[in-house]
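Scrolling down, you'll hit the structures one after another.
The same subunit A turns up in both complexes below, where it pairs with subunit B and then with subunit C.
Up next, the complex of A and B:
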């Protein structure tokens, strides 16, 4: 009897063990290890050697380079999120009508999702090449896109926006197919033109998925790495030194694992606070 | 307000299915036109073609003297109640009803006034702040009607707008719609399959079957003078009884015979039957349930086997058979007859209808 109740109570936890084990190894352990490391100075092997308390954080908050990273990341995230959502939305709205060849267009718009960011960056690097690149050839400019601090960040951001637009296209297409077709018919009989229909029906109808897409996009944008690594390596100067790239550089070039860990923790806090704020806003803002 | 004309309008789908065939109709200004017909006969399709939601395959649609085939729905200045309500899920009831006015740039206080009045008429004033997801079917339907009557378009299109209301509310709304029609002087095109709505609301009824107009006439005409067997059977509730009879000459008189029963046709019928050469042939005899009486002259008597009775209060419906043909008879409540009995009933011979066996056209149509 006793054993039976014990088994009954413990059963659910036993079922959860495999999943929890995976989480523990790949998520919880690195997470706590990072917090732990952020309180230490490390040796070149990344082993904690000297406990320094919050000194790593204090250093960061006094470092102009870190604030530059924050600023660059903020600009980058704004560009990436707005452009990629806009691209996804436009593509989805265009593809919501049926016409011959729609499959080809849908596939084309969703394709960026399937491309690895570093390989896309390689291709962009060639396209943006100052002398042989197709961009300069078509536009007739002689701009060194990725070596010019004025353009480098925009280039990386637009590349990322395009890469992320594929998944947004899918999200928005799903959202559009959830909107009842007859309300468009009623609106058109009511006298609403297509622009009014878009703003009065489509956008509000997408608002639930819009929010979700926004959160996913922001988190994704914060974590962009491959394209920076391949295209600009954080340069020229520090003009594209996104936080994630800066973490990578501190850890694996400068061997300052403590500082890198501290930056990771701060990045985690920023994303968490942003996400919480957005969930708060959602409760107020989203209709339905 | 407006007049509409259909000229040979057809609607054919890509798979070759013709849903509306050769539709010719003139709808006058201020008319309350009812489209009735069995489900799937193309009523909604006709309405949607007027609204511009469906392409017209061939033929012309004119509104106020202007060809409308190529005009987009938003430029037609119409207003439509959809069979599926089509409420905007993210807007409140108030915003739903105000939508059409808002896109037409009607001033705010005017919108408030009109929506308030419509909500009162439809008994939904207490629901104005709710979202459609928090409404019952009948409430949604009234919101849909409200969104339409707040506007003053060229014509109102209504697709079964009262189908989901309970009996009491439905009769109230019928009265309101009739009032609105009178007050606004509106042109209304109204789809229904409810007999009572069709007969009480319409200034004209169009009966459709498989996409073809059978008859377009005033409610009274449709009832008294149906053009064919389909219309006669479709209009009226319970519907008309049909049975095949022999037309025979007995001395001076023309008789309608079936089994042992014999009815003597009146003068008008006799003349038509003789002139059109029906003597000696079979025709369909049509008698409405209310055209049987419990008393009458002997030559109009037929014997009726009662199988079931429905007591409705002011009248009784008897279901049973005459000579193996199933029929329904409506009599006054003081007739005492029970299932199993044989009841003599008397046919009002001035009100019978006769239909050709092959074409099913009304032989005595005037």
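Up next, the complex of A and C:
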């Protein structure tokens, strides 16, 4: 084979090399290595030492701590997704008609998406401070929000919901601008009031983007880490021990890399199953 | 409408009609204005609610410590001071952290745009064996959460003795499936004949990318740059694991050092937080329109 045809054949792959090399080394390889590690007991350096089959998984499924972590994560995801989508939706509806200053307001609503989870957690830590925090001052309570197992999870969840509301606002705004204006005119000629218009026109019109937003939000909420690390460290007790934090703690504090790897695999499976289920559901339920 | 008005006009005299018309338009105008005004008020309330954490942070950053520790309402600093900012810069090497973060986020942004546009170019203009399969594989990577691979990645880089270096902060993030998808989505809107005629005129592939594709996809690149920069600036878990020294820490990790100093330093810590939020917010505000245009012109419709 002469050089010219070789170059021609190889050319298309060459453009892939930078992207594929990074994927191979930092995504595919570690992904399979995580599965591999999850079948082993490891030493403190994270080297696989003893093949144990599915023992790590069996241990996890028998551990109340892991079940607690799953439960806490599930509650967390439900709160985060519902509150952040609601916030985004309200903001998007408020900005759906033009009025003076709309640009400033829409920037304000989208702004939380530019803020890091760790920075936001530090701000919330002060806002929720039992004696000097603004939340207790406004509400007139004396609650120690972060050290009380009853409230800690809700606090972390609301913080995350706030962070995610920005991008939801953008999604919903895009969705609203895709709805045909004339259906509103026709509906108001037919005598529909604004509440009816919202529930019978706006919401169904938003359903494709709503669905996409839901999937993205759930996946994102499952991966929350920075806010837990800064705000509660999984505590008090294990009341905010979300699954990613639990992975982090097992691997880097307890040096149980095998167990942490097994949890990572389970996290991946949960996210994959949820995503697939939702795309299956979407084909049935969402109106376009 | 007109005929109704003219017949009505015959019955009532012209002046009265004129008055009626004027008051009706005035009423409608008033109602519309009132509606707009109400909308602005509601928006104002909502945006203050949404921005409350940020406004509160800014207020505390300017507040002397003595004012912070009261049980009374203290929303606005009585004697605003820059002392907290100065203290934060002295207590931790914040300058260094900011430089680190800018360098790391800049390299990641540049690298992602480069690697993603090259790959997307190949996917959309060239033909090769296994193209569709490869694209499917790339898309499937979006389902793997970063946290699921982070342990193995950590073990890999510590095996390479890369810990606590710029390499380890930058290289794993030099490409993204989302970026490839976004660029391909944009490139798909160009006719293949554009590429073919450029080739016939003797334009090489690289030159085609550099002088035709990149100028034509500025909005996608802008969107990608804003999104990637903000995410890289806000990165937390990976730098937490792989950096150990002040020399390499990024802002998000570095700022945590202020957290643990002592309880008197709350206002100083918040001043630090405000300082590191400013760059990401500025990039966001400057690039917001680009971001929205890029995110939604290609992705949602496809």
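Basically, the second predicted complex is superposed on the first by the 270 of 288 C-alpha atoms of A that agree within 3 Å, B and C clash if a C-alpha of one lies under 4 Å from a C-alpha of the other, contacts with A are read in each partner's own complex, and residues count from 1 in each chain.
Assume a residue touches a chain if its C-beta (ideal position, glycine included) is under 8 Å from a C-beta of that chain, and two chains touch if they have at least 3 such contacts.
Predicted model, so just to flag it, every value in this text is computed and none were measured.
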Contacts of A:74 with subunit B and subunit C, given as first, second, both or neither: neither
First (subunit B), second (subunit C), both or neither touched by A:189: first
Partner chain in contact with A:176 - subunit B first, subunit C second, else both or neither: neither
Partner chain(s) touched by A:215 [first = subunit B, second = subunit C, both, neither]: neither
Which of subunit B and subunit C A:267 touches, first, second, both or neither: second
Contacts of A:207 with subunit B and subunit C, given as first, second, both or neither: first
Subunit A: partner with more touched residues, subunit B or subunit C: C
First, second, both or neither for A:87, with subunit B first and subunit C second: second
Partner subunit C, residues of subunit A touching it in the complex: 9, 11-13, 15-16, 18-20, 22-23, 25-31, 33-34, 37, 46, 87, 90-91, 94-95, 97, 99-102, 105, 107-120, 122-127, 129, 131-132, 134, 137, 162, 165, 170, 174, 178, 209, 212, 219, 222-223, 225-226, 229-230, 244, 247-248, 251-252, 257, 260-261, 264-265, 267-268, 271-272, 275
Of subunit B, residues touching subunit A in the complex: 51-53, 72-74, 76-80, 82, 84, 86-91, 99-100, 103-104, 131, 133, 147, 151, 157
Sites on subunit C touched by subunit A in the complex: 36, 39-40, 42-44, 46-47, 50-51, 53-54, 56-57, 60, 68-73, 75, 111, 114-116, 118-119, 121-122, 126-128, 131, 134, 138, 141, 143-156, 158, 171-172, 174-175, 177, 180, 205, 230, 233-237, 240-241, 252-253, 255-256, 259, 266, 269-270, 273, 276-277, 280-281, 283-285, 288, 292, 295-296, 300
Subunit B-touching residues of subunit A, taken from the complex the two chains share: 180, 182-183, 185-193, 196, 200-201, 204-205, 207, 287-288
